[in-house]
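Order of writing sets the labels: A, B, C and D. Residues in every chain begin at 1.
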Amino acid sequence: MPRTDTMLYLDGVSVAFDGFRAINNLSLVLDKGEMRAIIGPNGAGKTTMMDIITGKTRPDTGEVFFDGTIDLTRHDEADIAMLGIGRKFQKPTVFESHTVEDNLLLALKGKRSIFPTLFHRRSTLEEDRIGEILAVIRLEERRHDLAENLSHGQKQWLEIGMLLAQDPKLLLVDEPVAGMTDAETAETARLLRDIAKTHSVIVVEHDMHFVRELDVKVTCLHEGSVLSEGSLDFVSADERVVEVYLGR
Amino acid sequence: MITQRLLNALGGKVLWVAAILLVIAVLVPASNLLLPVGHPLRVPNYMVALLGKYLTYAMLALALDLVWGYVGILSLGHGAFFALGGYAMGMYLMRQIGDRGVYANPNLPDFMVFLNWSELPWYWWGFGNFWFAMLMVMVVPGLLAFVFGWFAFRSRVTGVYLSIITQAMTYALMLSFFRNDMGFGGNNGLTDFKDILGHPVQASATRATLFAVTAIALAAALLVCSAITRSKLGKVMVAVRDAESRTRFIGYRPEYVKLFAFVVSAITAGIAGALYVPQVGIINPGEFAPANSIEVVVWTAIGGRGTLYGPIIGAVLVNYAKTWFTGAYPELWLFALGGLFVAVTLFLPKGIVGTVGDWRTRWRDRRAISAAKIAPSGTDDSSDPPKVVRARSADPAAPLGASKPQPAE
Amino acid sequence: MNHRFTLKSRLLGAAAMAALLAQAVTAHAQDDTIKVGVLHSLSGTMAISETTLKDVMLMLVDEQNKKGGLLGKQLEAVVVDIASDWPLAAEKARELIEVNNVDAVFGCWTSVCRKSVLPVFEELNSLLFYPVQYEGEESQRNVFYTGASPNQQAIPAVDYLMNEEGVERWVLAGTDYVYPQTTNKILEAYLKDKGVAAEDIMINYTPFGHSDWQTIVSDIKNFGSAGKKTAVVSTINGDANVPFYRELGNQGIAAEDIPVVAFSVGEEELAGLDTTPLVGHLSAWNYFMSVDTPENASFIETWHAFIGDAERVTNDPMEAHYIGFNMWAAAVEKAGSTDADAIIDAIVGVEVPNLTGGTAVMLPNHHITKPVLIGEIQADGQYDVVWETEDLVPGDAWSDYLPESAVLEADWTAPINCGNYNTETKTCGGS
Amino acid sequence: MFSLSDTPLWPAAFRAVRMFVLSLLAALLLLAPARAQSVEDLVRQLPEGSFSDRAAVVSQLAATGDARLVSLLEALAAGDLNVVEETGAVVTLSGRGDPLDATDALTGEGVGEVAKASVERIRVNNSLRRAVRAAIGQLTVMSPNRNTRLSAAGAMFQAADPENIPLLDEAIAQEDDDGVRRAMEEARAASMLRTEASADDFAAAVDVIAARGGRASLGILTSALPAASDEARPAIEAGIRAIENRLALLNVAQNVWYGISLGSVLLLAAIGLAITFGVMGVINMAHGEMVMIGAYTTFVVQNVIRVSFPGLFDWSLAIALPAAFLVTGLIGIAIERGIIRWLYGRPLETLLATWGLSLIIQQAVRSIFGASNREVGNPSWMSGSFDFYGIAITWNRFWIVLFALAVFAILLVVMKRTSLGLQMRAVTQNRRMASSMGIRTPWVDALTFGLGSGIAGLAGVALSQIDNVSPNLGQGYIIDSFMVVVFGGVGNLWGTLVGALTLGVVNKFLEPYAGAVLAKIFVLVFIILFIQKRPRGLFALKGRAVEA
């Protein structure tokens, strides 16, 4: 498959911290419009991979391309966010001393430089968009509450809402259902499937029930490289995967 | 409705504080100049000078609050910007002395004459011109803040490291200005001023005018800072304070946000310094001392950071206490000041304003609960809740950015 | 919403009013004493030197009251702390004069303190007695300089080294501020005048509170090993002296080889160190505690009784306060008033005994006459006077060795009435 | 030094030879009629006249060669000689109170009691002391005691008086100790260079001096240059160049040593902070005050020793060390329990609280001990210097370097090898995990802070030996300490060590070129720039471990 047709293209990526190889010759390709689930035990390199894609960590070697042509290793976090990659962190990070509404406002697609932001006036278009997103993440009632007062699950949703507000081409979602009730988990899966209709998504998750509900192609990472890739059934049948998860 | 909008845009309480400042700007000079000496309501000359000094300190604290309270940059070197603004003003005032110095040298200030300088160094050129000097009052601190911030914020120097290097900056500047070879009067600094814009600095009318200008400048600075913090950029600033890397991942550049706030803050501090110098009559390198900058942090913390008007209250209160103690109980002054810091950090982590705000919120919540018991809620909620929320969001919920759960960084 | 803000504004207003009232009340609480302001740093970096001077002032006021006060009134000392913060000094000076209504102020140590309060004394027409040796180049109508000017300390000391010790090579070491810079400028001009070559003069400046003297002491050692008799003229300030002398002692620079003559080191500074390795190093002052006169003995006795510690030393600035206070008291008696203008007229020419067996006269330039004493440090932390001027030296406000100031003269009596009278153009500059 | 206790040990033969030589010399000198005065007469002239007149008397006394004069001259230099006003007798005094016992300074015989008021001390100044030193050199150059002869030769080298040449020739002829003979030859050469000696003698003297090396030799050669004949000139110039080359090399070594010494002072000041700030994250602005309290503890300990156990003075620092550690450590624990523990996780607030605390401590010390400097003495083993291949190394600096390294090593062992250190690191890395593993975290916090403060107290003991003991002592070091810790990398003891030494050496290499003030400014600017390059200091931990 030619690189130019991909949404995300990682080839031979390695990175080491103080001699520890967190990512080891990792190659991964995501098609446009695809949703991919990534699993792997602790320390498999999932978060580091996200860091590389979002520009937080620079790889020692290897190629990282976004949207076929953009070399991500040449850009920093803010650039990459503006190029259209949104990220949700493992630990929900919303702006706690802002209201739910302001959180979304800050994330809304728009100019990010200083003076336009300083003289920004909220348009009706933005009001509508915030309303829509609030409806999607079911936080209409809490619109004017401070984010710090939300429950854990609501914070996760708010963060997803912020991703939506950014309207990225690619969403990186790190453990979206950690700490959620079963009902919330199911709801989140539904939400992500909805999102995936119009965006490319990478979901990192431990919760196998959730991954099953997503019903997408799965990549299992181990020690910084791809161990196995395919449908969840295929991957979970892979002996190496079983070995890694259950220990030797 | 328009006033209501304006009130919201600028922040209700802030507007009131600004209004009070404007009233003071008129009343104090009027009472000082118009009432006869000995009249019980007359503000004595001494008080005018003192209050003027407090207000410049308040402006410095306000400047610090913009970066510390809203962007989470704890600058331990803000005194440097204040002092640089002061030096720019001092240089103008020195040039105004002209040939009335003790050596009657028309070109050189006295201290250069007796150290055998033969000509005015190039960096003194132009300071005879008021407008140039006023420009420099803003440009010099602003430029230093820009250069310093450009490097520091882009290199992602944060937290304690940033605080310590701001301290190193002001310390290095202090040592430099102490050097006589720098051409700023060394340890003695700049003093013995005569005129400002043709008016003798020691005349009551000049003093009263300077006081009024200071109060108005402080009110203006307060309104500008308020407008900034209430804009979308202000929200980004708070976002940077609480979760810097998160803002980066949604496309903002925290380094520029910080740089903007830092430069605006430095310019405000520089203006405060420029207003300070003609009122106290001297500027010397002691203003760069790291301890002075720490004291500014303390005023801000005591008043309540992240509130804009809190630091103003803090600066005035602490300095009034200093005036009183150093006169009434000179031996106890440091015990009182030190004890105050410890007590405030332990018992009033949000400062005076934050704590009073907490009490009020609690009281209102209680009243709201009891009211809710009586009447079903929701009749005119449509306009009220946002305001309540805004009022709260202006107070940082927790004392410091660092206490927040920080994202992985 | 509105009532909250009015409450706040009321609170603020009330606080401001309370502050104003408090000031007004103190301002009107006049009683029947003559008030003397004491303006010294009791905290911060300068407290180390100035606290003693505050105590001396309290003692002098106390003694005067025992003698029946002045003009039939008791004296009252008003002490404030300027906390080594110079703008605060100006604020406190204003407070003393305007709020406490003091009739004279005794205070300041550093030049910057004096410079910062000067405009206040000028504006409010009050009196300041400044007790510390300083760089000169100043004479102000409202200020009386009871410490030494450079011609009362630096130049005689250099003369002594040149004539008695045969010094040919000079290290001028000082802290980087105005007093050492000016003094060294004057000395450099003076030495060159006396035929010392430029390469035989080394000038070195260090920051305040400098504590690592290894390099500089070894530089001095190197400079001193060029085969010519070398001496160090030290204008190193306060705190930096102890580590400097320790390093000197430890690097084995004996006074016989390279003597150090200091202008800012007195008994009080030596109290902080073991002087055995420093025996023979010199200081130039106008007073030493070891001076054997009845006046001095009684002064020391009174001091020890007042402070309740027989180990406490006395020093030159203390004597300056003693002289200044007595001069002011004599002028008050002479003028029959504490009014500043009356005192300024009356005090010129007033003679009071100093502690070294002579008399101090207030000169028209507001400086006083002083003997110059050169003392060598002894093992007990005291000085042994090895040389003194035969006559009293009148304090010179404007140095004759700086080109711009050589033509200036200060005279606060009619008809000149000017602090910087140009003897060439016959005009009074800067007014 | 010459001392009376040596007297009974003198072999009779030696004494005889010595007397013979001395009287011979005396006889020679007596040929000059102006000097034909008795020793007694000359001694009586000592109290009179100007210092320069009296210096001349001292030279005449030395010329008599009378051995009794040595102790008299030593007493004169020490300022112990007195003159009885009525009789004009020159005496030394002993005893306490009034009257005092007087002893004839020349004969050493008691002359009864004298009232304090009836005697006057004979004043000395530097030029007189210099004359006395030279005179003692002349008088003791034949002493049977090797060290006395050596110091006599040293004194004569410094005096470089041509009149000493015959005496030195004599002494060299009978000297059998190589070291002393060399010193005497050097003294002779130095004297020779001040004469109109023959070209050969002159050249030989230049060689001797050039071989000696060092600053003093350089000075002698330089001052000999203008008067030298054309033939002698090239030799002198070559000698000067040789010495200068060697000195240039030494200069580098000396700067390194000064840098290490300054660095070790910084290390001492900063290392406690590396614990409280670096390991615990408390921005401890009261750290300097802990150092100050350590110094005051030394003062108190020395005072107690001076009053009660004067014999123990040389041990005072050894006693002060544990005392200072305990005092500051306990204060540190009290601070941690009382204030800091409420502020964990709010590092910038600890800054405010501890700064307030530092003001309180400073003012408290000022109230208790007074605002002025307090005297802390150097024990004898901390005074003076020794020569290390031409570099003068002062003992106090030397011991402080060793002490700083020792404190560093001990701290390293405590942190790495003891269970307390293990618990400290565990608590600071993951408080919740540590406490769930049964570590009493509050206790460990208090001990850690106590340890950091205690080490600051130890630093105070050392700093009392080189700096002022005043309430401001701590303030002078606090900023430098923070710079060192931040420069080295927070949380890394090795970083603090390397940081302190680097800053010390950099500072000392800049100082000769830029001056002390600019050197300090450059170092600060350097730190600011360095932090831009490495925002977490020299020895920053890398990777995700830091970010957790």
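Assume a contact is a pair of C-beta atoms (placed from the backbone, for glycine too) under 8 Å apart; a residue touches a chain by one contact, two chains touch by 3 or more.
Which protein is which chain? UniProt says A = Urea ABC transporter ATP-binding protein UrtD; B = Urea ABC transporter permease subunit UrtC; C = Urea ABC transporter substrate-binding protein.
Keep in mind that this is a model prediction, so the values were computed, not measured.
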Starting from the Cα centroid of chain B, hunt down the chain whose centroid lies farthest away. D
Going by the touch criterion at the top, tell me which pair is linked by more C-beta contacts: B-D or A-B. B-D
Chain B and chain D: spacing of chain centres that average the CA atoms, whole Å: 48
Roughly how many whole angstrom separate the Cα centroids of chain A and chain B? 42
Euclidean distance of C-alpha centroids - chain B vs chain C, Å: 36
Geometric centre distance via CA averages, chain D-chain A, whole Å: 66
Which parts of chain C, given as residue numbers and ranges, touch two or more other chains? 42-43, 176, 205, 207
Can you list the chain D residues in contact with two or more other chains? 362-363, 475, 517, 520
Chain C-facing residues of chain D, complex: 51-52, 79, 123, 125-127, 129-130, 133, 158, 215-216, 218-220, 222-224, 254-255, 258, 261-262, 265, 362-363, 366, 370-375, 377-378, 383-385, 392, 394-397, 465-472, 475-476, 507-508, 511-512, 515-517, 520
The chain D residues in contact with chain B across the complex are 281, 283, 285, 339, 342-343, 345-353, 355-360, 362-364, 367, 475, 479, 482-483, 486, 490, 517-518, 520-521, 524-525, 527-529, 531-533, 535-537, 547-548
Touching chain B in the complex, chain A uses residues 47, 54, 56, 76-78, 81-82, 86-87, 89-91, 93-99, 102, 105-107, 112-114, 117-120, 122, 144-146, 148, 162, 166
Mind pulling up the chain B residues that touch chain D in the complex? 74, 148, 151-152, 155-161, 163-165, 167-169, 171-172, 175-176, 178-179, 290-291, 294, 297-298, 301, 331, 333-335, 337-342, 344-346, 349, 399-400, 402-403, 408-409
Within their complex, state which residues of chain C touch chain B. 1, 5, 8-9, 12-13, 16, 19-20, 23-24, 27, 42-43, 79-88, 90-92, 94-95, 98-99, 110-112, 115-116, 118-120, 122-123, 137-138, 176-178, 181-182, 185, 205, 207-208, 402-405, 408, 419-420, 422, 427, 429-431
